[in-house]
Structures are given as C-alpha cells and as structure tokens.
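One chain, subunit A, links the two complexes that follow: it is found with subunit B in the first and with subunit C in the second.
Let's turn to the complex of A and B:
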C-alpha cells in the first residue's frame, strides 16, 4: 500500500518538475504571462463565451441591419445574397409612405403608428397610475399584505399567449362571454367586443385592458419595493404635523420614489411600443376582428409581416421599419431623460 | 422538561410529514391511474371522435364498474386533496427545518389543531390524529401542562366567559368644553380611520378579483363540455365535481400533441438556461472582479445595446441561422437543427450579466485578495466563493430565464414556420397554442374547452414553480428592476 503511495508521489513530483521547468523556460523567454495570467488574458477567457454569442447574435445583427437597409430588391437564394441595386434612404421612404404605416389608407382606416401610439398613450399612464395606487394601498395595510402581493404578481409569470386566449374567450360576443354576462347584471346589452362586427374602439379596448392587466404586476412590485425603501422618519414627521393622506402621498411618497416612477415610465413606454404578442393572442395572425375594415397591427406586427412573407426586398424593409421603431424609442427615451432631469426631485 | 417535550414534538412532526408525503404520493399515483383509465371515443375509421367527447361511458376496473361521472368525481377529489396536502407538506417541512423551540407559542397550539382538522378534511386520519396529538405536545412545550390539565381548565374558562362582569362605574366629572371637543375629535378620527381601511381593503380585493378572474375562468372552462363552453349562451360559473371533464386534458395531451410540445419546451428551457447561467456567471465575474483595460467601455456598450429593440436582431439572426449562415434551418426535411436554433442564440443575456455583476461587486475585495494570497486561482475562487455567496441571485436568474424560455413565442414561431410540416414536431407550447387547430370536426367553430384546457396546461406548471419559489422570484424582480 505504502509502496503504491510512494510511487504515486514520485510520479506527481516528476510532473511537477516538468511543469516547473516549462514555467521557468517560459518566464526566461518573456512569455511569463502564460504562467501568471495578467488581467486581460483572464478577461478574454472569462468573457469569451458570452462575447462570442453576443457578437454573433447581437452586435453583428445591429451592424447588418444598417447594411440591409442599403439594398434594393435584396434576397437570399440558396445561401447567396442578391440585390438589384443600392440606396440610402429608399427603404425608409418606402416604409414611411406605405399604406397603413403612418397615415391610414382608405380601405383600412387605421395605421400601425396610430395603433401603437394609442396603446402607448393610454395603457402606460393607466397602468402606472393604477399600480401606484395599489402599491400605496398595499403599503398602508399590514394583515394579508403578502397574500395580496402574491396575487398581484401572478400576471408576471404567465404565458401571454395562454392568458390572451382566455381574455379573448372572456370577451366573446352575446351572453356567452363572461364580461358581457357581468355587464348584463348592470343592465348593459351584450356587446360585440372582438368578433365579426366589432368596432375599432371596442376591439382596442380589449387590447388595452389586456395590456394593462399584464403590465400591472411588475410595476406594483417595483413600486412596493421602492416605497418600502423610504425612510420612515418622513412619515413620522408628517404624522406629528397631522398631515392629510393626500398631502403625504403627493409631497412625500411620489417625490421620493420619482426616480423609480420615471424609470418605470421609460421602460413601459418602450415595452408598449413593442406590443405584439397581446395582439396576436387575442386577434390571431390577421391582427383584426374577422371582416373588419381596420387592423389593430402595431409597428412590431408590421416588421414581422415583412419577415414572414419572402419577397425580394422584404428583409430590407423589415430592417428599415425596425430601425424606425428604434428611432422612435431612442427619441422618446432622450426626451424623457431631458424632462426627467428637471422633474426628478433630488 | 420543556426540551424533552420539544424533542417529542419534532419527532411527531417528522412522522406526520412522512405520512403526509406517503399520502401525497398515493394521491398522485391514484390520479395518474384514473387519468390513464379515461378512454377517448373513437369513430369508425379509428380517429378520435371530437364530436362525442363527453359521452357517458362505463369503465370496467378491478374495483368494479365506474361510470364517467364517478371517474370525473374521483379525479376532481384527488386534485383537491393534492391541492390541500402538498402545500401543507412543503410549508411544514420548511418550518420544521428552520424551527427553534422559541418559535412555539400559544398560536402554534391552535395552528396545529387547525392543521389537524384540515388533514381530517383531506381524508387523512393518521396525519390528523398525529397533528391533534402534536398540538397537545405543543401545549406541553408552551404552557407546561398536558391534556389532562387542559381538560380541567376548560370549565373555569367557560364560566369566566359567561360570568357577567361587574360594571365598573366611575363617577365622571363634568368635562370642560375643551376635553369634550378633544374626545369628539378622537372619535371622528377613529371613524375616518375605519372608513379608510374599509375603502382600502375594498379596492385591494377588487383589484385582486380583476387579477384572479381570468385564471379562475380558465380553470373552470378547461373542465367544461364543448356544449357548455362554446354553444351555450349562458355558461355556468361553477362546475360540479362530477361534471369536470378531465377528458379535455387527455385530448389536448395526446390527440393534439401537447405532450410533445411541453417536452420540447422543457428541453429548450433547460438547455438554454444552463447555457445562460454558465456564460453570465463568467462574464459577470470578469466585469466585477478582473481588472483589465477597457472594462468599463465594453460594459457600457453592452448596457447601451439593451435599449435596441429585439426585432432588429431577429431579421439578421434569421439569416444567420438559415442557409446563408450556419444552415441550421431551411434545409430539406430531416437536416434541420431546430433545437440548436432555438437554444444557442439565447445562451447569454445582457440584463442578467448586469444584474449579477451588481451582486458580485457587493462581495468585498478583501476576500478575493485573501484567496489570491493562499494561491487560489480565479476559477476556483469563482466556483468556491463567489457562486455560493451569490447562489440565491443565481437561482433567481435561473427561474426567470426558465420562465422566459417557457414563454418564448416569436423566434420559435419564425424558425418552425420555415418548414411548416416538419416544424410542427418542434413547436414550443406558445406557438402550438396559437397555431394548433382546435376546430370542431367539420366546421370552423373553435372548441374553446380544448383551447382553454391547453392554456391551463401551459399556465399550471408556471404557477406551481412560482408558488414554490415565490420569495426568490419576487425579491429578484423587485430588486433588479429589470424585466427578464
């Protein structure tokens, strides 16, 4: 037994000797960094997996999107790129002037930009206000707080297609939909929400309700965390002065969490601009109720429409419209940042 | 005395949990056995007859003939039992693991007793008996007396309850107007406070209902018949245990192939998540601890790309994976690598790198220096020190990433639609939910009961994971402020 151990020990020492000799040799020939790794070499090894993937699937696509925009009639046949010409702004002009992008055309009566802006301008303020109210109410109670918190968080962990189908089912026409049945309790006649014959605003209403419903969870959670982070002394001082609840809310709570509100507004505006799955979950691939003269397509929907139909030049148009979307998001973010600098208290 | 009673309490609690565990397993096995028993009606040419799914049927089993209604009742009851037993088991197990003797108080006595009642309701008399007994052991620990002494205390307690208290009358002096005003003020404040609480709770309950109703309606609809869910103009709000159509789930799993889609999704989620965790930990470590030139520059470039919409990537990524790039897809049937395409691009995430880096940065550098002095390599330091310290955060990231993969829709849909016939075998659940046909045979009416059952099948695993690891997910989302 001991003999085997000794033999193993000998072998180990022998290997050690060789590695030491190699290390000494490298050090003597100015290659010591291979033995004692400097920061940059370690960084390369540690960052390699992530940066390789990001390079292929994130950075290259950004560059390539701006390259694709420059082609006319771009297409890929059997893995070979073909293009009939080059342009600078041509694809952007095609996208912007196309039917339904900015201006509604005669036969559809709605455009993707208007739809997207409606969603942004209504669902974002609505969800921010409601979630702020819920967070403040939740903070003012003690019993059942974590129970309510758990329930409000549920929409965050659901599959948006699955729940979208449930919403579509709840908003069925006639008395078979749950919503219509609830409304009939208040004496409201059955409404056609999303099926054949629904008007634009009714269909949009369902979309907005679903979007807001899904957006609440995250916001309530973030507002709760930030309200709990406020120093209790402010509230104690206010209580001594017998300050009214509304004043506490508007003069203490909101100003102190204003950076978080601001952050949430930015992220949810960006999120609302990218609305896609909610539309497809409720209205399917057409993006509109059956037989409607309008569509509820959003900008992202428009991009994927180009991607799904393979015609020459469509990929360039998809790239152009996604860059337009990016520009919208960028401009809004910059505006909000400028406003935010002045509006944020402290 | 107290410590021996507490040791007994722990022993009995462990035995109770063991019994509960056996019971839960038994419920599960029984549920699966009964579920296997369900037979799908078949038409003349061997296809499943969707039009007559809900016919009454008599199953011949070892325990005698069972009608469909009875079978449905059994399945519903077993589900209820599992819903009651399993959470109680898990909660009690967690409690027992961390518990100290100081945590037992008067409330734990009655708490144990109520749990016993719940066990009794869950048709588990052994656990119920053990819990009742254990509540008296708890009494021994907390109050120092046992069952017999408890019986002697009941009578005086009742007496005290019904005894009329002598009203203490204090001769009040006539208050001066200021005191009266003050008292009035206090009373008014109390009324206002009570009103405010009522309004607050009313608002919170209302919002909770708004959140819960879609889930409730989903579960109820998924257990209805085709007539009840789609044709009936007045669908019922409740479903009785015997009317729950468990066959819907069987049809969705077997006939509509959702079993395969669930397996696909689970596979993709596991692979892409393990890749994500591997790359993000390494990258976050490099950005947090290793000093090198251009670290802040590279990191801020990464942060800036978070602002760019994902649609911009999708276009080129589609070209990259198709024949002009890696040719993973777009080939003749049989040569396509759908799973590679659905996992590799999602094996890293900038927002998680950012989140993890913030947490790594909080770990003091002195630890790192000490480890370096002891001759610990970077990789060893990362795996032996950093990862264990940050393990809750890493677990949170894992969960959020699994959720993200479970709900992935756009990319899998584009990938699988390149070859609609072959791609159908590689659908993920969200794609299947949207694109699978739930139509009633010979018409374009959607069978809502099946569609919603599929939705429930997708949602329920998410809910189970969420409720099991609620704290990790909620704290992670609240703190990070980033959307996964």
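Let's turn to the complex of A and C:
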C-alpha cells in the first residue's frame, strides 16, 4: 500500500516537473501569455462544452420558438423555410381560442388547461405533504430504514412508461384488475377506471395517483437528507421542553427545512405543468379512455399534437402554445417567489 | 431540591463491540440551591453525566434521584429540567421572544402568565430590548443569555449548563461567568454546569466535581480542593501555571530532591511524587539554592524556571524580590504547601 502511494507521489512529482519545465520554456521564449491566462478566459474554456450543448439544444430552440410564432403557414420543404404570411398575435389567438385548450368545447367536460391545473393543484400539494410525512417517519425509525428508503426510491429509477403500463394493468375493469379485486374484499363492486365507459374523475383519479406516487421518490430523498442535516440539539431542546410531536414537526422541522420545501414546490409545480408521459403511459396517444367524450390531455400533450408529422404545418401553433405554457409557469413561479420571501426562513 | 447520583454508569458500545466506560460508578450528592461544576479534561464523561441527568442519555446502570423522586427511567420532558446547550440550540427561525415563549407554549398556563413570566425572565438575564431579534442578529453573549432565559422560563427544578462559556471570547467569558453566578443566586435554582476550564469552575462554583475517565476524583469546595488535592490528577488539573511535579525522597522527616533538602515534612520515609504550586515558593535567604534557567517578567509577578531532580520547575515570585541579571536565588516552601503523592497509587499522603 505504502509502495503504491510512494509511486503515485513520484508520478505526481514527475508530471509537476514536466508542467513546470514547459511553463519555464514558454516564459523564457516570450510566450508567457500561454501560461498566464486571465481568469475569465479560463472560465470560458472550461464552460465551453456545456455552453455548446446548451446553446444547441436549449437556447437556440427557445429563440427559434419566438421566431416561429411570427409565421403563418410555416413549412420546411427540402430544408427550405416557407411561409404564406406573417403575424404577431395571430398564432396565440388561434391557440387560445381553440377548442379544448383553455375552454372545454361544447361536447366535452374538460380542456387541456383544466386538466393540467387539476394535476398541478392536486398532485403537487399531495405529493409534497405525503413525502414530508414519509421522510419524517423514516427518519424516526432505525431498523429497516434503508429497506423502506429503497422501496420509496424505486419509482425514481424505473421507466415511467413501464410504471404506467403496470398502473393501467392494475386499474383494469371487471375483476381482472388488482385494484378492483382488492376493493371487492370490502364489498365494492368492480369499477371502470380507465377503459371504455370510465367517467372523467375516475380516469383523472388514476392519473393523479400515478403522478403523485411517481413524484414521491425524489421528494422523500431530498426531505430525508435535509431533515438529517438539522442539528439534533434542536430536537433535544424541544424534548426537554415537553414539545408534542406535531409541534416539533410544524415549529421546528418544517421551518428549518423550508428552503428545501420551497425548492421542491417550485420545481414540482414546473414539473407538473409539463406532465405528459403519465397520460401517454396510461391512456396511449388518444389521451382518453376509448370512446370518452372528454380528454385527459395536458398542455404538453397538446403541443406535441401540433408537432404530429402526419399533419404538418402547425409548427407555429406549437411554438405559440409552448410560449403560453411558459407564461403560465413564469407567472406562477413569480407568485411563489413572492410568497416564499415572507414564509421561508433561510 | 437535592440531586443524587447513585452508582451511575454509562457504557458506550461501538460497532465492533468495543466498550467504553464513559461514566463509571459515579456517586454524587448535589446540595439544593448550589452551583456545581462538573470539571474534567475532554472525554472524561462530564457531558455524558449531564445528559444522563437531563434524560437524553440512558444510564447503563445506577440511579438518579431528584429529591425523593427517582427519575432514572423518566423521559427528559417529565423531569422538569432546563438545559443550556454548548452552542445554545436557539431556534434560528424564531425571534428571541418566540424562543423564550416556546417552552411555555407546551405548559398548561394562561397566556397572561406566560407573557409575564417571559418578560420577567428577559429582564433577569438582561435582554428585554432584544426581544424581536433573530438569534443570528445577536452576539454570542446575548445568545447565551437567551438560552439561559429559555431554560429557566418554565421554572425547572434543575438547571443544566453544558460548557456554557466555551463559545465566547475571553472578555465575554469573564462577564458571563459573573452573570451566570448572579442569575443562579437570584433564582436559587440548583445548577450543574460542565466545563473543562478549571479557572472557570473555580471562580463561580460552590462545589466542584472533578472527573477523569468517567471516575469521580474529588468533590469539594474550589479553594479547599485547590489547597488539598486528593490525588496527583486533581493537583495537576487545577491551577495555572500548573503545579510542579518531581520525584523526591523523605528521609527522617526531611524532603530531599536529588540530595538537596527542600523542607521538613511529617511523612514516613520513602520515595514520593512531590507537588509544589509555582506561587508557593518564597524567596528566602535560608532556603535552598536554585539556578535560574529562564526568567519571565509578567507584570506583578516574575516566573522563574529552574531544574529540580531533572524536571523543569516554575516558581512565581514577586517581581521586586528578583534583581536584574541574577541567576541564583534561594527559595523556600512552607511545609503545608508541599503535596506528597504515593508513587504507585498517586494518592495524596497526609503530612504536617
């Protein structure tokens, strides 16, 4: 062991000798600028790979989206952009007034915006509260903690489409579905959850359960680590003062990890706004149970519909609706930041 | 309320099954209304003892009595104690007011009473004008006061302080020392405080308990313990600069260090550890002759170093009594100030 460490030490010295020799050589030949790079130049060099990728796959598409909104009848034929006209708000108006985007059309019960908001407003608070409870509970037990931690973390490392298929299987109609069979133990008649004839709220219920459960893993992990980071002495002090469990939770644990809760709420609101694969996984690309008079599509689902290759020419509408989505998320996040300023104890 | 520890023992077992006796068969009686210091070097089990009294650690064996009640198995919240942590453990998200109110909110008392108690306590510790601040906006000494107020506001039976002054700078430490003493006297609460600083313990406590490796060494009033240490450990632990220890021999009532006579002692003949505190040397024309190796002038006193039986010995003498440039001086020690310890057991040997 010591020999290896000695050898490593020698190798490191050897390399240091070489770098010093190169630096000396350059300095002696008036090329010192090659060694003494200014800090900002070094920063750019180190950031370059990440910036390149971000530029191609993030910044350019964002800018491009704002450009595409301006076109009417935009198409790319043989690599050449073509458009029949230009507009400023036209595409936004088309998207916003379209059936099923904001307002449900006459024969349906829901629109993509309503669906998305239901998912955001129900699954986010639910998953945050449940994961907080689970994290606190897991932190207070010693045996089997890592076992439960693994179980709760499984959804995070499992493919969400695969989980969706399992969920679809669990919620099958009649007595073949696992959920229905479990309910039958309590004397509940089989319920049609997600197949032909399922009502909107039953299908939505399955979607919410899946979304909430899938979001738990990461949150539990974050909350557990931040709770473990709290100084034990606060709890000892509270114990000596005969503080009830609930007061310890609400007056000590929650305030002390409030920056983390805030971070989780913001990111999961954004995440829930982007819900897409849960709908696909359970209902397929129709976005609703077979024969349903409503849709369970989300905003992102809607955007992808515009990108459908079999019906080209809607790229500008896709860009417009994604900017609308961006606006929703931005406004909501700004509101949260304002609320956060008053409620978060850093 | 009198507090008694009976055969209190705490054994920590690590993952490899190795046992550490942090506290070993501790028997202490703490008189009601007194300020007691648990003193010892780090790792001697003093904080463990405190946490066992608080109920945060479970004793391996032994009993803890609060007056007539045995509290050994009682949960911390049922013991009626106030604990001030080493780093205060003030809730960072609450104001001073909320921090002090926190224990009261768990009691079944009226809000009016809670507020009046809180204000009374804030006044006692002198933080009435800081009530709306957060702990991060307070200095170390102010945080310390808030922590004491929070511990005292629920009127505990015992106040426990874990190294209360270790996070403060030297000047503040002196000030808070006196503050703690004053608060303790005004409330008359039985107080136990843990420290590794012998000077701190000696200056404020009514009685000191010295621990070493989890074993009680001596329980005594500070000055008595200083003058009559029961063993070599206690002698070495108390005093700054520390006591001088060297080997000596008693022959026919005379103490010799390497054949040089030091003074008359009434101990049986034999080899001993000799302990003499630096300040107990006197310049005396009839004393024994020493060669000064180093000399430090520190204002009122002068610290001289010399060799005694191969050991470096320090003596603290009055600056006026030493002339500039001398390297020989005659010193004497009063027999009562010579401490003899047995070589093997290191316990003190009484002599006249």
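Structure notes:
Following the convention adopted for this analysis, the second predicted complex is superposed on the first by the 291 of 346 C-alpha atoms of A that agree within 3 Å, B and C clash if a C-alpha of one lies under 4 Å from a C-alpha of the other, contacts with A are read in each partner's own complex, and residues count from 1 in each chain.
Convention: a contact is a pair of C-beta atoms (placed from the backbone, for glycine too) under 8 Å apart; a residue touches a chain by one contact, two chains touch by 3 or more.
Note that the coordinates shown come from a computational prediction; the quantities given were computed from them, not determined experimentally.
With subunit A as the common reference for superposition, the partners subunit B and subunit C occupy compatible, non-clashing space.
For subunit A, the partner with contacts to more residues, out of subunit B and subunit C, is B. Within the superposed three-chain model, A:129 lies out of touch with both subunit B and subunit C [touch as defined at top]. When the shared chain is aligned, subunit C comes close enough to touch A:244, but subunit B does not. Touch criterion met: A:176 reaches subunit B, while subunit C stays clear of it. By the touch criterion defined above, A:234 reaches subunit C but does not reach subunit B.
Within the superposed three-chain model, A:80 lies in touch with subunit B and out of touch with subunit C [touch as defined at top].
After overlaying the two complexes on the shared chain, residue contacts for A:255 are found with subunit C alone; subunit B is out of touch. Minimum Cα-Cα distance between subunit B and subunit C in the superposed model: 5 Å.
Annotation: subunit A has no residue touching subunit B in one complex and subunit C in the other.
By the touch criterion stated above, subunit B contacts subunit A in their complex at residues 196-197, 200-201, 203-204, 207-208, 210-215, 217-218, 221, 230, 232-235, 278-280, 282-283, 285-286, 290-293, 295, 298, 302, 305, 307-320, 322-325, 327, 344-345, 347-348, 350, 353, 378, 403, 406-407, 409-410, 414, 417, 429-430, 433-434, 448, 451-452, 454-456, 458-459, 462-463, 465-467, 470, 473-474, 477-479, 481, 483.
The residues of subunit A lying in touch with subunit C in their complex are 231, 233-234, 236-244, 247, 251-252, 255-256, 258, 345. Within the complex formed with subunit B, the residues of subunit A that make contact are 37, 39-40, 42-43, 46-47, 49-51, 53-54, 56-62, 64-65, 68, 76, 78-81, 130, 133-134, 137-138, 140-141, 148-163, 165-167, 169-170, 174-176, 178, 181, 213, 216, 218, 221-222, 224-225, 245, 260, 263, 267, 270-271, 273-274, 276-277, 280-281, 284, 300, 303-304, 307-308, 315, 318-319, 322-323, 325-326, 329-330, 333.
Here subunit C touches subunit A in the complex through residues 54-56, 75-79, 81-83, 85, 87, 89, 91-94, 102-103, 105-107, 150, 154, going by the rule given at the top.
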